[in-house]
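First up is the structure itself, then whatever we jot down about it.
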């Protein structure tokens, strides 16, 4: 029983954070918002150089062969810097899913390409209808309860669905080439689809933690320097209590997200509840952080010229991605109120439903 | 279109408030809580002397022949002083209900007695299973969707159901004399029962307003005189914001309750929604006032020796009386989300469903 | 018997008249946003149409282009206005804020010069009060107007000025007494925006449009006759204007009732897969909009019976801003994955939800933050000691 | 790989051992409330039973009657303790607060004199810190201990002293330096409660039972040897004790997880007629109890890896107190008309909900109000300036 991350895990996250400060600074996001995003490919290359796309890939595929726990802090950093590229979907969702079907030759061939970042994949799921698409997309991973498809980008007709978050390039597949053969069907497809959603939701929750902490940090700094009525607004109890309340929500959401990592590879009601709980708790923390940030910044927080809005919009976007509030809330309500698995103080870390 | 009360209406409420200060002071409530309540009959007499039981009774029955709007401020005062006796149930609920069935000789004979306070009635309804019983009870008014019964006290076997609010003497009818003849059945009974609930819920909401305002007042006074860290706690922003938030909730609940008075005599979905809205808004205001009062008083508010708990317990009790939260919330949800009547800005004062 | 909550036959006739006119005149296709130049021009034209129908500001006296209507009539007008989905009022700073202020403090010449063109929508007004270092703490403002014969020379930097990007005139507060502090030595001055030494720069909002502007005064000269009231009376007059802003006119309930109705319809569309708790949020939104409407009529009755608006303004501000935020947050939850889609995205079925949500975020902070309103309530209504 | 959230075989064996012992020893019929004299005696007896099984305070070192158990073992013990519905710990002031304080600051004689009898449940302790004018602002306390040779003469009035109505001893803070102010000149003194010059008066709580007591010191004399630490070190020691109070021991998550499970069962009983929004409140209660448990294990891991508890204590205090309040408010809503029924009313099916609700109301205000905790978080965790 140990809830602490290893030094290696923290160092890798720290290294990514340093990289992000370089390639995904507020200035970079401003350029992107002003329609001059020339850096997408360059960012992708830098992420690839650090090997981030291969964290969950097998070493035999050129990956690091690490586990979900090693990835969760990276997803958090991707949220903290509001990374535009879908690192999380490719490295955290698609790769581990495809590792379940390496028997399929095209998958075996693709995995090393995905791990190196040469191939770029977008993932759609019934609960994630709008895929955040990488630069120079090469493949789609699409699924429903019946079947999972791996398709070349050219084989899919797409519709662009611009987001209020200019850092997300959303597309929706409009039609696939007729008669595309599914990667998997039946039980295998059902399980793949469930695990895809588990990882998508959990690593989205981790991003929400990161973006929430970023907004809290920005608000605290602003509250220290902005003066009103002759003293820093951060010395007023109302401001203090807003931000302290965010800190509380964030602290406990963090524990829930980290604990849920152990469930993403599993199936069954207890894992579904743990993942949905994580998604809800992290989204709530990010939502509160955003509203409190506006309270603290006043009209200033409402301005395009202040960094805050990059992270606020990411928080709004993540709330609806990989299962929206209703989906995850109904999931927890049905399982808990229906006692789908034993509840109680001795059950905190149980895995099996 | 006029939302103001007449001087007469305000004077009558003021007179009752003065009387309450005399017969229903915190000292009187303390005696009652300490089990030495010798004043119930005396209080009843004083209420009768002021003619309060006859406010809604016909002048021909010795009443004042006034309307529900004239009674709502009195119900509010009954809440403000946490009156133990069921003035509201007898004068505000039973009398107007019985006036609909004066064709029944025993009703015609009873009304003058109820208006004068000589007769004392308790009212049970499917949504108000525990009746607050007056001293020297003489009659029961009991109803369900099928039938309405008027019974002599002796004819009903009752079970005492003590409340955490020592100011409420609750009883539940366990059995009636077999074969008692209903006052009314069929459609008449259904309508009587619906209007009984409307008045019971609306005048309970008015009492919640009064008890909420009392708790706010007590908290404000305490916050002015209690010092911590060298200044009155009422000068701290956290305390100010707690109490200001109560004031906001109370202000708007008041408008909702006063507007709903016009609906209690009517039938149909719009009236049900207006009354349920009033019950919910007033109960929410009282609940928030109680929690904020505890916040302001600290451990002191938690003590038997401070007046606050008399009013806090009344607030809790009223929340479940005459339709609990779930009943009224489901009612509004079903009617509004189901668009049972036209919604929109031109509909604010519509009466018909 | 009082608390008579039915409209009189006259009021019902008035409602019918407004409804008929709106049906006949409200543009079938919604106007472009008034935060764009083209949209601003369209909204200016709409104000002319309203004025032509004598609907510009019905509560104003007839001699200024009004109808001398009562507050109740005003509320009825707004109900029909929003019910008809009529355009936003680009003229609102004029008709709700400066207009009443001019009537109270203006000279006959000032009234004659400014009110008719305001009424006709010919001149659109902006408000120039806040400064980078003077937001909630307005008395900290620094912009100066130095007297030079019959003119004032203006220097300073105003910010968060609504409508200013495309408006014609701005009513501002300047420090006219050198070395004066806080509330003293301020004057209320009317300044043309297309004028030498006046530079206007739009501030893009998080939705990308310039909802507000900054105004830079670089030795701009205006006649002393543009000063409203006495020199040094600026704070007093500004507080009166703020009173109008916090009064009943600006945030009439109809807007929220229309939004609540839309939310109910959104719920019905999503009910099958929605978190059942959102049903209670939807019902709460309707109840709150209804409560806000009822309390507004209650306040209007009080005012018409000779009362004056005081701290209720703060109660109203908190209530409508929280109701608006909760209502739009509920809508965003209901829309799920679609909530983030930008106006113009194929699957973005109704862009007004995202725009409304973003606008609602500003509610608790503008026109006096809700924190400040709570302090006012605690001190003025509840009588708690100042911090 | 870290974040390994499975119990070791040893930990699983330990859980089984606790479970078996609890099954064998927890009284079948619940004890009377420890706020009554008879109930207090029953709870004292239960402490003796626990001590006999060496379960009194498993985290204490063996020489003081403990098992030197880890924090994780402690959490497992609590899970089984609450799962078995075992009695409240009448001994908690001793084992959680004074015990650790004595181990850190006591002389060998003091440890030998007090710890064993504390461990055995023979001596039950009360806490005597607050005074009528010194609640949240503890440094304002006035009670004095005047040195007279080898004794202190105690004068003053303590209040909100938990367990004091029937306890044997009280650990108090007195002003030992005449004319000293605020945090200076205070000493930490152990006082017998059945003692000349010491008068204890129960304070009835809103549920009618004396949950707390007032203690009046009227020239009570205690030996100087009863002082813990140096004269004037009282504040420093009290802060250490407060640290233990805010630490992990006192509010272990199991209590809330058991309550959440009961709430789920209450929901299932009322689901048919309940506001569907209450389903989400029930699910939230379970999620929050789970989150509190997870975060407690997370903190425990950090502490076992050599970290120390700091401002997390404030985060915990806010989280559990709000979770407890929301959980019980939801239960009261679900019970509807029955919620107000007093224990003993025929239709009062489970009095623990009303009692728990009333207790939960105190959560946000005792052990440092949540306002104060938020100030601490803002200043110590977020680094915001002091007000």
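Just so it is clear, A, B, C and D label the chains in written order, and each chain counts residues from 1 on its own.
Methods note: a contact is a pair of C-beta atoms (placed from the backbone, for glycine too) under 8 Å apart; a residue touches a chain by one contact, two chains touch by 3 or more.
Remember, predicted model here, so these are calculated numbers, not experimental data.
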| item | value |
| --- | --- |
| Chain pair with more C-beta contacts, A-B versus B-D | B-D |
| Between chain B and chain A, distance of the C-alpha-averaged centres to the nearest whole Å | 52 |
| Intercentroid distance (Cα basis), chain C paired with chain A, Å | 39 |
| Contacts with two or more other chains, residues of chain A listed in rising order | 236-239, 241, 329, 333 |
| Junction residues of chain C - those touching two or more other chains | 275-277, 279-280, 371, 374 |
| Overall pattern in which the protein chains touch one another (line/ring/star/complete/other) | complete |
| Partner chain A, residues of chain C touching it in the complex | 130, 133, 135-137, 140, 160, 203-208, 212, 270, 273-278, 325, 329, 332-342, 344-348, 354, 361-362, 364-366, 369, 371, 374 |
| Chain B contact footprint on chain A (complex, rising order) | 236-238, 241 |
| Residue ranges of chain B touching chain C (in the complex, touch as defined) | 1-6, 9, 67, 69-70, 216, 220, 223-224, 231-232, 234-237, 239-241, 243-245, 247-248, 251-256, 258-259, 261-262, 277, 280-281, 329, 332-333, 336-337, 339, 343-349 |
| Chain B partner contacts - residues on chain C that touch it in the complex | 1-8, 11, 15, 72, 78-80, 82-83, 253-254, 257-258, 260-261, 264, 267-268, 271, 279-280, 282-283, 286-288, 290-295, 297-298, 300-302, 305, 312, 315, 318-319, 371, 373-375, 377-379, 381-387 |
| Interfacial residue positions of chain A with respect to chain C in the complex | 127-130, 159-165, 168, 170, 172, 227-229, 236, 238-239, 287, 291, 294-295, 297-299, 301-305, 309, 312-313, 316-317, 319-321, 324-327, 329-330, 333 |
